Amino acid sequence: MVETVTRKRIEILVDKPLAQVPIRAAADAGIAGYSLVPVQSGSGRHGNWRNDRISGAENKVLFLTIASEEKANALVDALAPKLDSHSLLLTVSDVQVVRGERF
Amino acid sequence: MDIVIATLTSPVILFFILGMLAAFARSDLAIPEAIAKGLSLYLMAAIGLKGGVAVSESGFTPDLALAAIAGVALSFAIPYFAYALLTGFGKLDRINAGAVSAHYGSVSVVTFVTASEIFTGQSMGPAGYMVAVLALMETPAIISGLMLARRGEKRENGNGGLLHEVLLNASVVLLMGSFAIGLVAGPVGFEPIAPLFQIPFTGVLCFFLLDMGLVAARRLVEARAMTVRLTTLGILFPLINGTIGTVLGTMIGLDVGSTAALGVLAASASYIAVPAAMRMALPEADPGLYLSMSLGVTFPFNIIFGIPLFAALAQAIG
Amino acid sequence: MDIVIATLTSPVILFFILGMLAAFARSDLAIPEAIAKGLSLYLMAAIGLKGGVAVSESGFTPDLALAAIAGVALSFAIPYFAYALLTGFGKLDRINAGAVSAHYGSVSVVTFVTASEIFTGQSMGPAGYMVAVLALMETPAIISGLMLARRGEKRENGNGGLLHEVLLNASVVLLMGSFAIGLVAGPVGFEPIAPLFQIPFTGVLCFFLLDMGLVAARRLVEARAMTVRLTTLGILFPLINGTIGTVLGTMIGLDVGSTAALGVLAASASYIAVPAAMRMALPEADPGLYLSMSLGVTFPFNIIFGIPLFAALAQAIG
Amino acid sequence: MVETVTRKRIEILVDKPLAQVPIRAAADAGIAGYSLVPVQSGSGRHGNWRNDRISGAENKVLFLTIASEEKANALVDALAPKLDSHSLLLTVSDVQVVRGERF
Amino acid sequence: MVETVTRKRIEILVDKPLAQVPIRAAADAGIAGYSLVPVQSGSGRHGNWRNDRISGAENKVLFLTIASEEKANALVDALAPKLDSHSLLLTVSDVQVVRGERF
Amino acid sequence: MDIVIATLTSPVILFFILGMLAAFARSDLAIPEAIAKGLSLYLMAAIGLKGGVAVSESGFTPDLALAAIAGVALSFAIPYFAYALLTGFGKLDRINAGAVSAHYGSVSVVTFVTASEIFTGQSMGPAGYMVAVLALMETPAIISGLMLARRGEKRENGNGGLLHEVLLNASVVLLMGSFAIGLVAGPVGFEPIAPLFQIPFTGVLCFFLLDMGLVAARRLVEARAMTVRLTTLGILFPLINGTIGTVLGTMIGLDVGSTAALGVLAASASYIAVPAAMRMALPEADPGLYLSMSLGVTFPFNIIFGIPLFAALAQAIG
């Protein structure tokens, strides 16, 4: 069996115009790799939204990155003060990866 | 009165009303976002080209320069006036008032296009250069709005990114770019592409306004941050700004169509470029607020009432 | 025989066949979903407008009322007949038979549009009001189908949501809405938008049928729930229902084109509004089943064979 | 380091016309926030499907919500009897979040 | 409370033209069910990419499957040698499911 | 010189340049992918139809066969020549060189369409059958490229899947299919669909080239794998291959327009069918490399310089 190691999977729901916020914070935390996954609609304390491209101001996207625990902590610490003001939804979980040195 | 009836029975406006009714009745009718986006790019390229071709024929006139200066001045100034009403009567805090005010200084491309279409049907089509004025009016208001919102704050980080975003945002680039192409190509170069960019234009506008009706009414139905006071301002602003714009246009001696168009531009509120810029520059402001006001209230008001109103005003005082 | 050859060599049908062949050969050709959806909205808006304009010229006639009543009656009744065959010969259980039967009572917009196009090319275009009949026939079948599927069951939860969904579903709203706009606008108001909604119509239909060919054939290739018996019914239903519709149209005195169109409507099976409604109201029913039958079998059968058949029948008995 | 707490991440693959089923069940379980993520194709015991908008009857979407363990259990219990009849695919996992009181 | 069991959630980011690679490997490992989730852009050691349909050669998609530990291990073992050559990003995590016998 | 000026002031090319400038300035202007994909399908269907209709009028001529043989030979042969330069001067390894070489043997549909458009404006439109030549040239190069890349390796798994993919890829099927439909329909059958497939064609091409400009320039800006040597080859290849194609066209006696078109086809590099095939067959090759070269360097070079160049060359030696 291939050997796997534990890394962190960080998922951040963010408004599209603000997508640079987690991207830059990740880069500052030493995380170069990420993927953006489209989200089509949702609901929360600020009501419903749905993707519309007329005014893309409320469109959201899922920022997804795999990183080492250390880098993940740095990213979470950097974003924590902005979670409310930028209405980010951030979760962290454990995942197993094969080539641990990559993250 | 003619223009009021012409407006309300034109298929363009009827499709808009159909969209609103469908959304109010909570029908699931929806235009795919990619199509809506594609149509809006088409409309911008088409009016840019048309304006450029027109200016290539008429040449650069003093009117053009006057209209451009008037437009830029309106875009800079309106947010200051709007901000006062938004913080006072509207009871908004500094940041939200600044964000909303920027929308009213800036302009709505579709409102302008619809007005041009209706005015042309009434033989008072605006001059070609008004497209350039439209493009010029998009951004100054953003600067005013940000200065109002950030008043008394120390700049935390350089706004280079925002400035870039604002000056090179998609609609400014496409409008100005196709205006330039229209200028270079002239009527002869435009001929082979007119079958796409001119002939089906009104039909495409119908289709697009169907979508706008859906989007605007859904926004209104789901608005939660809206108050009676803000809704009132969403109607008052176009009335006041549109009147100022129309009077200014008459004073600087524009033709009746261009005067009415300047009124419509002043009355209109942005719902594409400015919301995205505000989300980026003022993340603490509530997007539900400014989108509900500009897209849910002011946009439909202008399409149905504002356009014939400023046309009539321009004719009366022109 | 003319109409058979005209059908099979018309680019509209050839594009459909190209799509089917490409899918059977497992080519990766595909129209983006947003485009397909946009085109289908265009087709509905265009035929709605055209029908409305035609009725604004001809006025409301007794024919219109008769055709509407006949259409609604067919939509209500066909599911009962289909249900019997589906549970008997087709060996389906109550719920699946109810779900499938609703599809056959309802109608396919694209089949109607294609038929109109072909009939018009043969100088037997259906009357403008048939568009309204089309819209009216979409929903009654859903009620019949649900009553059949839910027979003897106690209602568990109110179906208010479904009723709303069904009556205000996108295609009904768009068809009826643009029909109304066509009525109000009339030929003069329609003129400026004809370059979008009329002139390129046939070409758009080609493009759309290319996609329908791909989708229908892929559905057929990947169908797993299909049996020989169900495939047989997928061909038998349009033959029987189409004949009933054509005979009924002749009996109530419609012109030949409208008669053939009523036949085509009766023969056609829904694959937009009804599948979504059934998925919602009867989640236990297998969507693979009803989509394979209506989209994979009946739709291609009607496009290639049904349309010329009911035209010939209408001419023969008309 | 910012403090994080454990919450549940619930992911439900559902047919688009049935998306109201998990949304209503979540609301009944006291969960107001959710996001819908598009899915483009898939394969299972009922064969292959791919997103097509002609008949949207088979299109699927991923319902995603973060909730407290208690609410998550209520949601899972409410949906359990419908998993087969509505062919839902439901998974639950642990995630770390920063502002635990929100969920 | 409904009983749940632990299964593996495998997520593989893969180029669209190569999507058959994890699909076939999963089938060989006895995993018949999977879903493909669209991804719109990303960044990594090979630079940035964004979905464009002109040349779909670099478009990526997220292959997602829930499987038993045994099958998951078989899939990871089968794909491990291709992770670099096919630039796949593979992660495995634990999830709770209701009808464990399905996976 | 006329054709150079005509090229550079035609709106088609100006929109391409606008797209490139917008991307270089890092504007956020973007055409939704679904629209871009839809437009590219439209362009292929339209030229396929047009070519088929033309051949239905002219009949199958020896020229057609000669051009087809020449095209297929070029597509097979060019990769061998390119491979030598890529491994030598370009310093690429076997696999990357094989992958890149396949792109240059194959063709770019949009380059061909743009060239046809410009040539037609200069009364030297290529013969209808050149569309078939275009379709035939898409795939042979893939086989050559793979043989070069896999040279000396033992086949690990059957390439049946790839062969299928390559022969039935979307663009080949759509081009050939609509060519066949055009052949069957002829000018009479084409007439009702010309308002979609012919009249707005040039306008659609403008819109599409705007997107291509954006995509190509972004590719160039973000290119990381590119070296000066490879950029040089990205310009050298079209110059050499285009000259060979033009000379060959003249030698086999094609008319000037078709000769120039053969030159453009030889000069052009694929960025749709081949990249996807290479990603599948040679996953170890770096897609950034071949996309940067074909889309970022060669495509813009051909659109702006190559097209007028090979036209002038064909006229000079024709």
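First chain written, first letter: the chains are A, B, C, D, E and F, and each begins at residue 1.
In this section, a contact is a pair of C-beta atoms (placed from the backbone, for glycine too) under 8 Å apart; a residue touches a chain by one contact, two chains touch by 3 or more.
Remember, it's a predicted structure, so these values are computed and weren't measured experimentally.
**Student:** Moving step by step between touching chains, how few steps can get you from chain D to chain F?
**Tutor:** 2
**Student:** Starting from the mean Cα coordinates of chain A and chain E, work out the distance between those two points in Å.
**Tutor:** Roughly 19 Å separates the two chain centres.
**Student:** Report the inter-centroid distance (CA atoms only) between chain A and chain C in whole Å.
**Tutor:** From the centre of chain A to the centre of chain C is 45 Å.
**Student:** So which stretches of chain E touch two or more other chains?
**Tutor:** Correct list: 37-38, 53, 93.
**Student:** Scan chain B for residues touching two or more other chains and write them down.
**Tutor:** Where chain B meets two or more other chains at a single residue, that happens at 32-35, 37, 200.
**Student:** Based on which chains touch which, is the overall arrangement a line, ring, star, complete graph, or other?
**Tutor:** Its topology fits none of the listed shapes; call it other.
**Student:** Mind listing each pair of touching chains for me?
**Tutor:** By the stated definition, chains touch in these pairs: A-B, A-D, A-E, B-C, B-F, C-D, C-F, D-E, E-F.
**Student:** Name, in rising order, each residue of chain E that touches chain D in their complex.
**Tutor:** For chain E paired with chain D, touching residues are 1-2, 4, 7, 9, 23, 32-38, 61, 66, 93-99.
**Student:** Going by the contact rule at the top, pick out the chain A residues touching chain D in the complex.
**Tutor:** Residues in contact with chain D: 11, 13, 37-45, 60, 62, 73, 76-77, 80, 83-84, 89-93.
**Student:** So in the complex, the part of chain F that touches chain E is made up of which residues?
**Tutor:** 33-34, 36-37, 40, 161, 211-212, 215, 222, 224, 271-272, 275-280, 283-284, 286-288, 291, 295
**Student:** Which part of chain C faces chain F closely enough to touch in the complex?
**Tutor:** Where chain C meets chain F, its residues are 9-12, 14-15, 18, 21-22, 25-35, 121, 199-200, 202-204, 206-207, 210.
**Student:** State the interface residues of chain A toward chain B in the complex, per the touch definition above.
**Tutor:** 15, 17-18, 20-21, 46-48, 51-58, 82, 85-87
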